[in-house]
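What follows is one structure encoded as structure tokens, with my remarks underneath.
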Amino acid sequence: MDTTVHHGAMFDTDELVLNMGPQHPSTHGVLRVVLRLDGETVVDVDVVMGYLHRGIEKLSENRNWTQIVLLTDRMDYVAAATSNVGYCETVEKLMGLEVPRRARYVRTILCELQRIASHCLWVGTHAMDIGAMTVFLYAFRERELILDLFEEFCGARLTYNSMRIGGLPLDIPPGWDKKVLEFCRIMEQKVGEYEELLTHNRIWLERTKGIGVISGPDAAALGLCGPTLRGSGVPRDVRKDEPYAAYDEMAFDVPVGTAGDTYDRYLVRMEEFRQSLRIIRQATEGLPEGPIVGKVPRLIKPAAGETYHAIESPKGELGYFIVSDGKSTNPYRFRVRPPSLCNLQGLRRLVKGHLVADVVALIGSIDIVLGEVDR
Amino acid sequence: MIDSFVVPLLKILVVLNATLVGVTYMILLERKVIAWAQSRLGPMRVGPYGVLQPVADALKLMIKEDITPVRADKWVFTAAPIIAMVPALIVYAVIPFGPEVSLFGRPVTLYVTDVNVGLLYIVSVASVGVYGIILAGWSSNSKYPLLASLRASAQLISYEVAVTLTLVSVILVAGSLSMVSIVRAQESGHVWFAFLQPMAFVIFFIGGLAETNRAPFDMPEAEQELTGGFHTEYSGMRFALFFLAEYANMIVVSSVATTLFLGGWLRPFPNVAFLSFLGIIPSWAWFLLKSFGFLYVFIWIRATLPRYRYDQLMRLGWKVLIPLAIINLVVTAIVKVMVH
Amino acid sequence: MGEAVAFYTIAAFILGFAVLVVTARETVHSVLFLVLDFLFVAALYVLLGAEFLAVIQILVYAGGIVVLYLFVVMLVNLKRPPEAYQDPQRHGRVGLLLALAVLAELVAIAMWTSGTPTTPMPAAQAFPVTGNTEVVGWLLYTRYLIPFEIASVLLLVAMIGAIVLAKREL
Amino acid sequence: MADEAHVPKAAPAEGPSEPPPPAETPAPAYLAGLEAAVPGSVTALSYYVGDWTAIVQAEQIVAAATYVRDASDASFDLCSDLTAVDWPLRAERFDVVYCLYSTRLRHRVRLKVRAADGQPVPSVTGVWPGANWFEREVYDMFGIVFDGHPDLRRILMPEDWQGYPQRKDYPLEGPGELLMENPIDWLTLQQAREQADIE
């Protein structure tokens, strides 16, 4: 091999530099991971990204406030509605807008549907990376149902542009809530189906238990967030800690892991499926009547000021830091705190000392979307 | 002249062609079964229910561009798929598809030949097949294939030990190395060896999965880790040869398992007169049916289980299967001596 | 006649590949020629009617040991400059002498054996078993029991040595 | 900027509006504690739509960060976000913004540091390892150098990229010649430049 690093040892051992990605089936996009291997053990790893950098922050600073909703779709493209909600809520906070209760309920439903869709994609690809390919197709079957619901709601299946500052663009179609409840009924069983294939599977246990262990304080210090952090036993969930939309009216639990390994992160997300279904049921059954848009000025032009607002995206804490100079119709500074980026930062720590096969399992376990990492 | 030359040649021709057709349809079977397991339909477009898909696949692979990487070792790169394919095919020489039958008024044995070291022949020829994988990985001059080929060779050598040890215990019970004699021994012993040697049967099956690089032991071609493994750099017909070899090996393992443990061509309960109506189905059909059962389980496992990690696989081989196989062998030997 | 032709053909192949093993530039090619060599040796055994030995030859040497050779050759970086292989303690003459001594020995053995006709093994009466495989087994456990056991002990020692080398940190 | 429609009509702001806290909202105790523990670190406090911001001296950011992480009534163990804002008209051109969160007490605060172009800011990676990539991104996008950062490389842009894209004076469309749709134009420009170099 050409790119070997020599270092003096008794049995002259070579380290192999292996480039995983940006075109590799299990880097979930255009992530590039440069591995330094001793045999198959990872000695060090460098994460290279930016292949999907589109400058969404810079772009947003040159678009007016309503146009940005559309750009947020393109970040976490498997959970576009969540990104929409996060942005709209930040602007609402900046402007002091009141959002009607019905709109907040629908936002909650959409966010949770989106969480299930995103987790479906995660469980499918994660299992696929570890070699269980059937789960992938099962999960995509159910994700399809969610996409159908979204299509009925806003006409799009991937990039929804489904929020407006101050509320919703349109009310839910008639009968949609019935379909959502029906979906909840189906999904409840299907989650059990995934778990049956994986949770007690010996090979799955061997592949995930004790892999990429990180303690709670370490995970928090490294800036991990979302299910990746909760897998380490830190009960940090923006929905509970800093409630937004209608989460303060919902009853749900925040599942946490104990061991902080890949298996616990898996269990946390599987439980989140159920909790999300619980939230969707409550929100759909208790959906209040009323307007869907609050009192929004015709020209959105917040007064000078800045704020940071975070929501719980399927990946973790999705924050927006927005500065308005009060003079123009576009934000002065638009900054996204991407949860995938923060989780990806933990990869190096998680991977060291494990084998190549575990790198793949760990990339899956931190659940990244490169569109959001690179923006 | 006819008996010593023409008939064997014809048999070879038939077996080779049947194998190749079987292998291509094996791929279709795999795609279909996995599709059904995943609530899909599988190939449906080429022919009714996709039955002509193998033909289309073969055509596609043949007319695809054949790429040799610039920095590859050209000779070895070309030879590797052939080295992988040939052992997988010549093994069929000693597999007994059925006993002697009368065909066009002349007695014909339904196997190409019966070597007195038939079982060892299979093992040794199969052990040469690993060269195809190692050399493919090495000659590609690329990192992923190299890693994959290292994995493959380590895996094959480890599991070969376990598999061979289980075979020895079967040989002890049967008292012969000839495939035909082993089937005859099951007939005269009134029992399939799967029941006499259950542990050997299980170890052989697991080892067989590992030796054919099938899930959950498909480490060498783990596409999610090594982007396709040892055949990453191959394309066209050379790539197809690797595929054919893998499926041919699967059929070999199923056939050997059928012969050794499930009574080969014998119908169930061959000595119970009450069930003689089962004899309507010819012997070779029983053989194919049993082998097909194995193949189905192979595919089923692939659709269900995640993949082992490389070190776990080695641990399973060396710390579980080989000791178990040795214990099984020793116990078999002791029992055999006591019975005598 | 046919047997003689087969023998000489196979022998020629064996020698040819042996030469190629030594002369091949790429180490991996050397190993490959070695495999081919072993396969032809196995063919020679088949010719002699020793199928069991032939199969074992392939299984153990071609299928097992040479795979390990290949492993080592592929893993160890042999593409270093030739200076890395300059051995200051190399004694070319001693090597040549040793080679000549071995050659002389082989020639002597050949002369001696061809002079005295081999007494055919009194197989029929000595062995209670028939068949190639059984005879090998019988011989190993009766006449050659001591060498067989010594070989086993030797292999055991080698195995322990290998484990000790590999697991240095234990 | 090519997109003329969005160029603000009014004169651009010189700096952020940092409204001082109204009298009826008392500042959290840890901010007073921070001032006491690291004297002179906090230059101003600000309160807007429920968010507290403390503007901190750049030299003292590490001490301040360590204090707010360790103080029992602050315990900001999570560096939620770290970013920068460019105010090209101001002398100290950049604001580096640290959004902090406490997983135990569930409250937030923002620290803010002002830095001139080329003035290095001490790195807080020693306090929150998670700030590593955020600081890399700020360096990549704004060109702010973080002193003591273990691995300050570009993160999103290619390593040989010229300029810092998030600065306000960096055009939205990127460096000029990449924009030209006709490659011949680009080539001509390139040749003209080389020619000029030679002469």
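The first chain written gets the first letter, and so on, giving A, B, C and D; residue counts start at 1 in each chain.
The criterion applied here is as follows: a residue touches a chain if its C-beta (ideal position, glycine included) is under 8 Å from a C-beta of that chain, and two chains touch if they have at least 3 such contacts.
This structure is a prediction, so every number in the text was calculated from the model and none was measured.
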Chain nearest the overall Cα centroid: A
Taking each chain's C-alpha mean as its centre, the one farthest from chain B: D
Top-ranked pair of chains - ranking by C-beta pairs in contact: A-D
Gap in Å, rounded to a whole number, between the CA centres of chain B and chain A: 44
Inter-centroid spacing, chain C versus chain A (mean Cα positions, whole Å): 61
Gap in Å, rounded to a whole number, between the CA centres of chain D and chain B: 63
Length of the line joining the C-alpha centres of chain C and chain D, rounded to whole Å: 72
Multi-partner residues of chain A (each touching 2 or more other chains): 1
Residues of chain B engaged with two or more neighbouring chains: 146
Shared-contact residues (touching 2 or more other chains) in chain C: none
Complex contacts: residues of chain B adjacent to chain A: 34, 37-40, 143-144, 146-147, 151, 215-216, 218, 222-227, 303-312
Touching residues on chain C, where the partner in the complex is chain B: 26, 28-29, 32, 35, 39, 51-52, 55-56, 58-59, 62-64, 67-68, 70-71, 74-75, 131-133
Chain D residues touching chain A - in the complex, by the definition given at the top: 1, 3, 6, 8-13, 16-17, 19, 48-51, 53, 77-81, 83, 85-86, 97, 99, 103, 106, 108, 110, 128-134, 137, 141, 154-158, 165-166, 170, 172
Residue numbers on chain B that touch chain C, as the complex places them: 73, 75-76, 115-117, 120-121, 123-128, 130-131, 134-135, 138, 146, 149-150, 153-154, 156-157, 160, 164, 177
Complex contacts: residues of chain A adjacent to chain D: 49-50, 53, 55, 57-59, 62-64, 93-94, 96, 217, 220-224, 234, 236, 241-242, 303-308, 310, 317, 319, 321, 323, 325-330, 332-333, 335, 337, 341-342, 344-345, 374-375
